[in-house]
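Labels run A, B, C, D, E and F following the written order; every chain starts at residue 1.
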């Protein structure tokens, strides 16, 4: 009795099918922003690893830079998770999940890796985060029937990224 | 070759088991904030439905109120989705998904209903959003082994809500 | 001559009486979100107290965690203050202040304790912040003529909290 | 037993006296930003009052402008309230309240007028909001022992404002 | 006497030359996010143009959609301006301005077109905004010595965009 | 062919001349908020310079204060840059640039000094940032044909500031 309403609303206002055009919040989806965010997370991990405390004057600069790198890492890991969630909630339909059954697990893994990338400064975690989002990007473009290619990012860390082949 | 890293990182830094204590971003999880947000969405739908344009002076007030109700509806639907995503990404572990296999689909449905609640002012959609989050809340408290109860919310719209029985 | 306008506007558009129904920004008021925020402040103080610098690799993780705990403490202390300010400005009417003359002083104290909880990592300050907001919560529910109860929070730090008895 | 802690913390860590130098969140307080925000609220009310729907093409521009004016009004009314709350919570000490006993009521009125300025597009309410914040500004500068003057704002609506006489 | 300090600081701490590696806020610059934002502005203009008020029930949905399209247009026009400002302030050095003397005027034009795209729902303005940012993108990639190509955006409105040829 | 549109739009919808009244986003421009933000940046640099680590208990307070000062410095440097960008993009017209040809370079310098003020805790950089914004303020008020004066800021650091002479 209590949660029947969800089933009911599904029958009355069925969610659009996979082919349906989507309006806003549909807008313009592109995983590239999440990919750049994840790359930025790795970049911050590299900058953090390169810092050293040094003498008294350097110590203030050490704290200033350390604080800023951590804050930028936080912000971009969060943004990447947010952007994937938006595509997941607004663009991905049940029919896509049937065709790509790994999607729910992959999205869950992206959320976990994003959180782990905030909790640590461990580069391996950051790399796994980038890879998981690249994997999501590959599925996204496949759904849109646009071919992808792999190329090095044109900025440090120049990891291999998935791009639509336009 | 390309995405092997995710499997590798899983072996090296396994994600904490379901029983593990979680640190921040773990912090303090409580679905009540998402439940209140979803209730606010329905409240705004009710206020929107109650507005009428009237005469010239009333017309300005109509636009002022309409804009604000829509903006508050947007904000709280978004916040509810964000909060569920945080609990989903940071608190829910693979072992929980095994025990509650409906979780990935339920989370996906919450994201879709949250977006639909932004796209329309349709009360049925808002009610389904509240119900889906109540259902999530029930599972959340069951995982924490805390009993729940149902009670009317102490403010309009006084829908039946799931609360931990403290 | 200069500030007479305030008196004038009061006569022309009197503020709604205590019994008046309030619209948005009235919306749905619930001090529970501020209470959870204040609890999170104490939780962060506890996590900060538990950190130690250790060796070289641990040092990076120390800074990463320290930065994040402090930022979460900042954010939640601020959010708690904001939420109490909203209830204070939008829900509390002059008639309530007459009935509960301690309210203005209590709100001022909450603002001061929230700021102090940001300025230090001192647990006693955090506990006083939680208590002051619990005290506000008790008055809030009394105004709404809903009974309250006390119970331990269902997460660390499991302090005694004020809940509406629904 | 329950809320004794507040009294205790007051004895152990007394809040700084009125003369004490304040650190951040103390920082640099200046009510001018809240005064400009309140003026902006009146400006938006004037622009809203000047809009008319007109024909089909004008109708889209009408909605575009109306939405934006309302949003800017919302944002600046909120910012003004926030800024006054910060000065109130961080700068104003108990000794100031003793000297200016109208302060708690004035701050409460500012919060109410800010909310009312969001709820309506009524110019009288906006003017009262500006006046109340000017009144707060006068007390603020008196506490700092800096003389004030009155002058027209150098932009529309060129209302009479309180400025420090530097 | 008064502003000599700027000249002095330039001599003491000269800004890095065009070839210098830049640290954060340098991070990872990519105009693609601003390009997507500008495209979204045009998309919203198209959606706004397609709306009609219709009957009573449709009227609520009309206001809901209109409000949301305008808000999304606002947000993305603002974001595009912000992102160009960041690249302009953090990546572009004086040596670049010498080589591309049109840069200051182009950046100023982008800011003006971004504001105009917020003030109206006029598609021509939106197209000019997209074009100006594409032009900025072309210079940006030329500075980095990476070739660009033109291709249709893989989503509506599928305008011709500048992409790095990776 | 590709970017001709900008020239076209300029002919069809010419940007308003220098004397034109400006609407929102024009609103109410006042560089004082950017000036206060820049002053806050210097204040934080002074507070950072005054911190010392001390013993174990002091160490936690050291990290708490250091993190907060850096974050406030970040936020206000960013806000100052944002506010100058708004005045630059929305208020300053081509005719102003013709009359004050130093404007584009000055705005670029403000952006660079704002970024440098985030990257370091170096007081000289902060002072140059304040001075550059004071210089911008002087030109701004000259455009509006309002005389300015110089006076010490009424809070630490009491640097010489440019104020309109109202």
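Just so it is clear, a residue touches a chain if its C-beta (ideal position, glycine included) is under 8 Å from a C-beta of that chain, and two chains touch if they have at least 3 such contacts.
These figures come from a predicted structure and were not determined experimentally.
Under the contact definition stated at the top, the chains bordering both chain D and chain F are C, E.
Shared residue numbers account for under half of those found at the interface formed by chain B and chain E, and the copies are therefore classed as meeting with different residues. Farthest chain from chain F (centres taken as the mean of C-alpha atoms): B. Ranked by distance of CA centroids from chain D, the top chain is A.
The interface of D-F is repeated, with over half of its contact pairs matching by residue number, by B-C among B-C, A-C or B-D. Here the spacing of chain C and chain E, counted between their Cα centres, is 39 Å. The distance from the centre of chain C to the centre of chain D, with each centre set as the mean of the Cα atoms, comes to 20 Å. Centre-to-centre, using mean CA coordinates, chain A is 22 Å away from chain E. Multi-chain contact residues of chain F (touching two or more other chains) are listed as 23-24, 67-68, 71, 118-119. Interchain contacts give a graph that is no line, ring or star and is not complete, per the touch definition above. Chains touching one another form the pairs A-B, A-C, A-E, A-F, B-C, B-D, B-E, C-D, C-F, D-E, D-F, E-F.
Contact residues on chain D toward chain C in their complex (touch as defined above): 2-3, 5-6, 8-9, 12-13, 15, 23-25, 81-82, 85, 88-90, 92, 97, 104-105, 108-109, 111-116, 118-119, 122, 124-125, 127-128, 131-132, 134-135, 150, 160. By the touch criterion stated above, chain C contacts chain B in their complex at residues 23-24, 27-30, 32-33, 36, 39-40, 43-44, 47, 68-69, 72, 144, 146, 151-156, 163-164, 166. On the chain B side of its complex with chain E, the touching residues are 48-49, 66-67, 70-71, 74, 118-121.
Chain C makes touch with chain A in their complex at residues 60-61, 63-65, 67-68, 71.
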